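The next block holds one structure in the form of structure tokens; read it before the comments.
The letters A, B, C, D and E name the chains in turn, as written, and every chain counts its residues from 1.
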Amino acid sequence: MTVLPYLVAGWIFLIGVYGLVTSRDLIHAVGCLAVTQSSTYVLLLAVGYRNGGTAPVFADAPTNSRVVDPVVQALALTDIVVGATVTALLLALVVQLRKRHGTVDPDALSELKG
Amino acid sequence: MTDVLIVVALLLVAGAATAAVLNRDPVRQALVLSFLGLTLALLFTFLQAPDVALSQLAVGSAVTPLMILLTVRKVRRRPGSGGDGADKPAGRER
Amino acid sequence: MDTARLLPLVVAVPLLGAAVLVATGRRLPRLVSDIVGCAFAAATAATALLVLFRAGRPGPGTYPVEWVGGWRRVGIVLVGDPLGAGLAALVSLLVVAVLVYSWRYFEEPPRRHTGSFPALILVFQAGMCGFALTGDLFNAFVFFELMGVVAYALTGFRVEEPKPLQGALAFGVVNSLGGYVTLLGITLLYARTGELGFAQIGRRLDTDGPDGLVLAAFVLVTTGLLVKAAAVPFHFWLPDAHAVAPTPVCMLLSGVMVELGVYGVARVYWTVFSGPGGLSHPDFTRALLVLGVLTALLGAVMCWQQRHLKRLLAFSTVAHTGLFLIGVAVLTPEGISGTALYVLGHAGVKAALFACAGVLLDRYATVDEYELFGRARELPAVGVLFAVGGLALCGLPPFGSGLGKAAAEEAAGHTAGWLPALYVLVSAVTGGAVLRAGLRIFAGVGRRPRDEEEGGPETTGEEEPETRGRLLRIPVPLLAVPAALLAASLALGVIPAVGSAVGRAGALFTDTGGYRRTVLDGHATAAPAHPPPHWQLTGILLGLLSAALAITLATLAVRRPVHTGTAALLAPVRRLQSGHIGDYVAWLIAGTALLTLLTVPGVR
Amino acid sequence: MSSRVRLWVFLVGAAGFAALFAAACFDLPAFGTVPHPYGVRAVHAALSHHTANVIASVNFDLRAFDTLGEESILFSAVIGTVVLLRQARDEHRKDPEPATVHPPVRRFALLTLPFALLVGLYVIAHGQVSPGGGFQGGVVTATALHLLYIAADYRALERVRPLTLYEIGEAAGEAAYVITGFAAVLAGSAFLTNVLPFGTLATLSSGGTAMVLNAAVGLEVTSGIVVLLARFLDQAVEIEDPGEDDGSPRHTGGGGGNGDDEREPA
Amino acid sequence: MSTSDGWLAAALVPLLALVPVLWRIAYGSPKDRLIGQNLTSLLAGLVLLLAARGFHRTSYNDVALVVSVLGPTGTLIYARFLDVLPDSRLVRWTALAGVPATVLPLCVATGPGRAMVKLLLIGALLIAGSVVTSGRGGKGGVTA
């Protein structure tokens, strides 16, 4: 338990990269990139957790409660927005790529070489 | 007890991430991604981060898979203009 | 008003401009939106210059520091040290040049979205300035991503073309992945120190000895920055993206964005990892030196082999980035200031060269060296600019790039005696490639090159012009901008005040303790005195040698047939540049492993 | 590189990465015991500004500059997508086919729609008090709007979705964020300083400018996501590729022969 | 075991039920996958409600509220694209049995008030969403 969350984050990262490397479909590759990114959320929040802590939202909790780290949560929020927008942009590129190349298979893209 | 929930959620997330990568068909992957989004939201709630859970829920289980589906729909609507058979990615058949 | 108050405005003004352009863009005519865009960019440049003059004022080593939102030690800090402020000013000035250049460039902006191109450029400017000024690790990541997102969109701007789309996608995937690796590293640092500011992290790290965690954090953070800097083996995306992006965007990508990656590596190392709790100096030098040398050599070799003009320039950017990395790796104030000057000079020269390539593209609908053979004899002015750019690229005195190269190679020579030779060789080969292309295209010298055996890995230079039709008359901005950029690069080398200011900037940049005190405690510290970059006999001679070598190489290449033997020898290297996203991602991960191997103490 | 070589390069790299990362993990403090000096300072700072949701306080007050960058990323990604997915010169538009929706689904979607919009607005409005905020609520609101697509069809959605207005809304949200920051400068403080009265802890009007920035983000995200999804829907439903309708017989069973083609305009 | 641990242990039940659902989504037929997607949001909603109680944080219920709104929406969007909206007794019965079995004890524990109204609302939404999306809707909810 002491390192499990960190190791899970590492696993998610590597499996996502594996998917990117072996992908035969660019849409799938973009999905794998999203998976890779979720490793960063897991690591951030795992680092911010405190045993017995509760969310630093004091609307329904006394202000002296033991809380988890609010900063990493804010960072994770930012990170999620970044991920969603990057995904959107890359998918837009894939849509156009398919129109101009007639394929979404990275193996068949051969315009840029050498 | 919280620890047990966290461990189960972590393993679910790891499993869902693996499944999302190994499902080579984008439509199938979109569904697994939305599952991944939901389990991540659960994990974040257990890690006392409801704010992050909410946005993960909104983005990961709704917007991202929806965009993937729309892209697939556009991409598969018709064969490519320069298609010579090579435009048929593996795992396209369901 | 306090100068420090201006720091966030360097980021906020262009963002406001972008919002205004998008909100009103569909109503405004093209001309008005271009003027609005230029006005906001120029206002930002003025702000950045104001900060720079304040920061660059000689005297005790104090510079403006601003905690955004007034949250001292709790919020985000922006630091206007001379080097960061100087980069922000460089970015802003180049953006103004680019906006002027593209004044007549896209004859047909996207329907109903006339404002979107200048708006994206303005956001790009904000992202780069923010990255240069921030003193906070996570904030740096945010601006890193902001630059990235805008750059992907700008690279794929011409959606009717297949090549830009492929280049933009590779760019997007590889750079985003690099960003996530960096974020993992930032998280590890946060777990160890519980801080996000450069200065705070550095101080906390130094209370403990280095261990695996610090090493991992360093490798991960640096990986993302090296991806941006296009160091081998993270460089594959760069030629693919820079060769196909719209020319005004190339000017920014090659001119400053890539260099910001190098800046990021240097900044993070000096402020965070250079203390006793970080990574030892020899380890850092070894790792960066190896990567830098590899990058410089590979970039030069690949550059020489290209016939696609923009791709050739892109590879020369790779080669020069390698030289910049070496300048950073030697870890001396002289190395930093020399490299900083080199970056400044290079930005002007490279942007000017891209601008010339853009003129060719729009007139002849190709940037292929073979196809253009002799056709541009009718454009003597462009030819002269191109040739001067090529000479400046190889560091001919008295250009700023020459002075920077001379200073950087002298600093590098103190670390390893053979490094100056590498500087000379690499700049001669890249400059020679540019001159060779120039001789063929603008003068039609030598034999008309023919397409050789089919099937080799090659990207030819046929492209669609970026204007509505082929240009018959070259509009004034397309010539004035490269001329002005080259003149600016020349001025950097001749005005002695530039050298002394850059020297002071390098000294302050490498003063880790001073940085932390200035940021956290508000103490002014005296900048340690170091000789600023100035012209020396060896530097001048080596610069002349580079130029002579480049001219010789170019003439030989034009007169003599291509050595098929060498080409065959280099074919495997060229084949690595496969255009395959999976390959690039695999190299990225392998590069992380390589960086680990290089930094693990004892592995020599 | 062949796929085999590529896999080997990856595996070697991944082994190195895994070793590095694992070494780091075992040097980390055990899960749940990491010290958080910055986190503790942030909690104090948030309470001093009467913001009950410390995360919202970090996002919109302490590190509001990060959020400015984040919103700009969203903003530029939306412009970028609009530009990338524009109708190219050689493409043309086709009206989508009307769809008849199964009555229970229609009833459910129409009933949920106002409710979902309400939930979205609720999440935005309570950003500084309870979990949620401009970003989360904005996404929910934007997604909820697409219930109309389910309840009826794309044409119904287009009718109630004046895209121009949303594009302006997005830019207005971004501008409002920057202008709030400028206002502080004009008031003589640092950029993005919280210059408004802080209000009472855990009420809707607490948090000072955090509240204003939250609203700006809500506006921007809602509009931005609507525009983003609209571009993708346009491509998927309306815009036809060059040569797609050039009189030649349509390729049927193309693109893998899946079942996605039913709604293709005839 | 304290009462809060009891609630958390109860949350473990729907959480563990997600494991076979993942299998179904990853390797099932198109129909199965949609049913799986539907079940996921339903089960996640239940986990979130129980966990909120277990952590003594009523504000966490907002997450469940958003799930109950977005879940069925997501399912219907998928159905639209995949052109299937399978009839599933499994989903219907899980909703009809599981939601009251979760929400009613929670209401008793919470006591009357705004929080209870919210709980009931979330429960009603979860049931309505699941029933509509698991009914005999025909192809993708579109009777074309």
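In this text, contacts are C-beta pairs under 8 Å (C-beta built on N, C-alpha and C of every residue); 3 or more make two chains touch, one makes a residue touch a chain.
What you see is a predicted model, and the numbers here were worked out from it, not measured in a lab.
The chains touching subunit B as well as subunit E are A, D.
The set of chains in contact with subunit C as well as subunit D comprises A. Per-pair tallies of C-beta contacts place C-D first. Summarising the inter-chain layout, the chain whose CA centre lies farthest from the centre of subunit C is E. Nearest to the common centre of all protein CA atoms is the CA centroid of chain A. Taking each chain's centre as the average of its CA atoms, subunit A and subunit B sit 11 Å apart. Note: centroid distance subunit A to subunit E, computed from Cα atoms, is 25 Å.
In this assembly, the C-alpha centroid of subunit A lies 15 Å from the C-alpha centroid of subunit D. Taking the mean of the C-alpha atoms as each chain's centre, subunit C and subunit E sit 51 Å apart.
In subunit B, the residues that touch at least two other chains are 22, 30, 48-51, 53-55, 57-59, 62-63, 66-67, 71-75, 79, 81, 88, 92, 94.
Across the assembly, subunit C contributes residues 138, 142, 145, 149, 152-153, 156, 159-160, 184, 188, 190-191, 196, 575, 578, 580, 582, 585-586, 589 that each touch 2 or more other chains.
In subunit D, 3, 6-7, 10, 14, 17, 21, 24, 26, 28, 34, 36, 38-39, 42, 53, 55, 63, 66, 69-70, 73, 77, 80-81, 84-85, 88, 123, 130-132, 135-136, 140, 143, 146, 228, 232, 235, 241-242, 260 are the positions where the chain touches two or more neighbouring chains simultaneously.
The complete set of chain-chain contacts reads A-B, A-C, A-D, A-E, B-D, B-E, C-D, D-E. On the subunit D side of its complex with subunit A, the touching residues are 3, 6-7, 10, 14, 17-18, 21-22, 24-26, 28, 30-34, 36, 38-39, 42-43, 46-47, 52-55, 57-59, 63, 66-67, 69-70, 73-74, 77-78, 80-81, 84-85, 88, 129-131, 135, 201-202, 228, 231-232, 235, 241-242. Per the touch definition, subunit A reaches subunit C in the complex via residues 9, 13, 17, 20-23, 26, 29-30, 33, 36-37, 39-40, 43-44, 47, 71-72, 75, 78-79, 82, 85-86, 89-90, 93-94, 96-97, 100-101, 106-107, 109-114. Those residues of subunit E that touch subunit D in the complex are listed here as 59-60, 62-63, 65-66, 69-70, 72-73, 76-77, 80-83, 85, 125, 128-129, 132-133, 135, 137-138, 141-144. Residue ranges on subunit E touching subunit A, taken from their complex, read 55-60. Partner subunit D is touched in their complex by these residues of subunit C: 5, 7-9, 11-12, 15-16, 18-20, 22-23, 26, 66-71, 73-76, 78, 110-111, 113, 116-117, 119-120, 123, 126-127, 130, 138-139, 142-143, 145-146, 149-150, 152-154, 156-157, 159-160, 184, 188, 190-192, 194-196, 200, 211-213, 215-217, 219-220, 575-576, 578, 580, 582-583, 585-594, 596-597.
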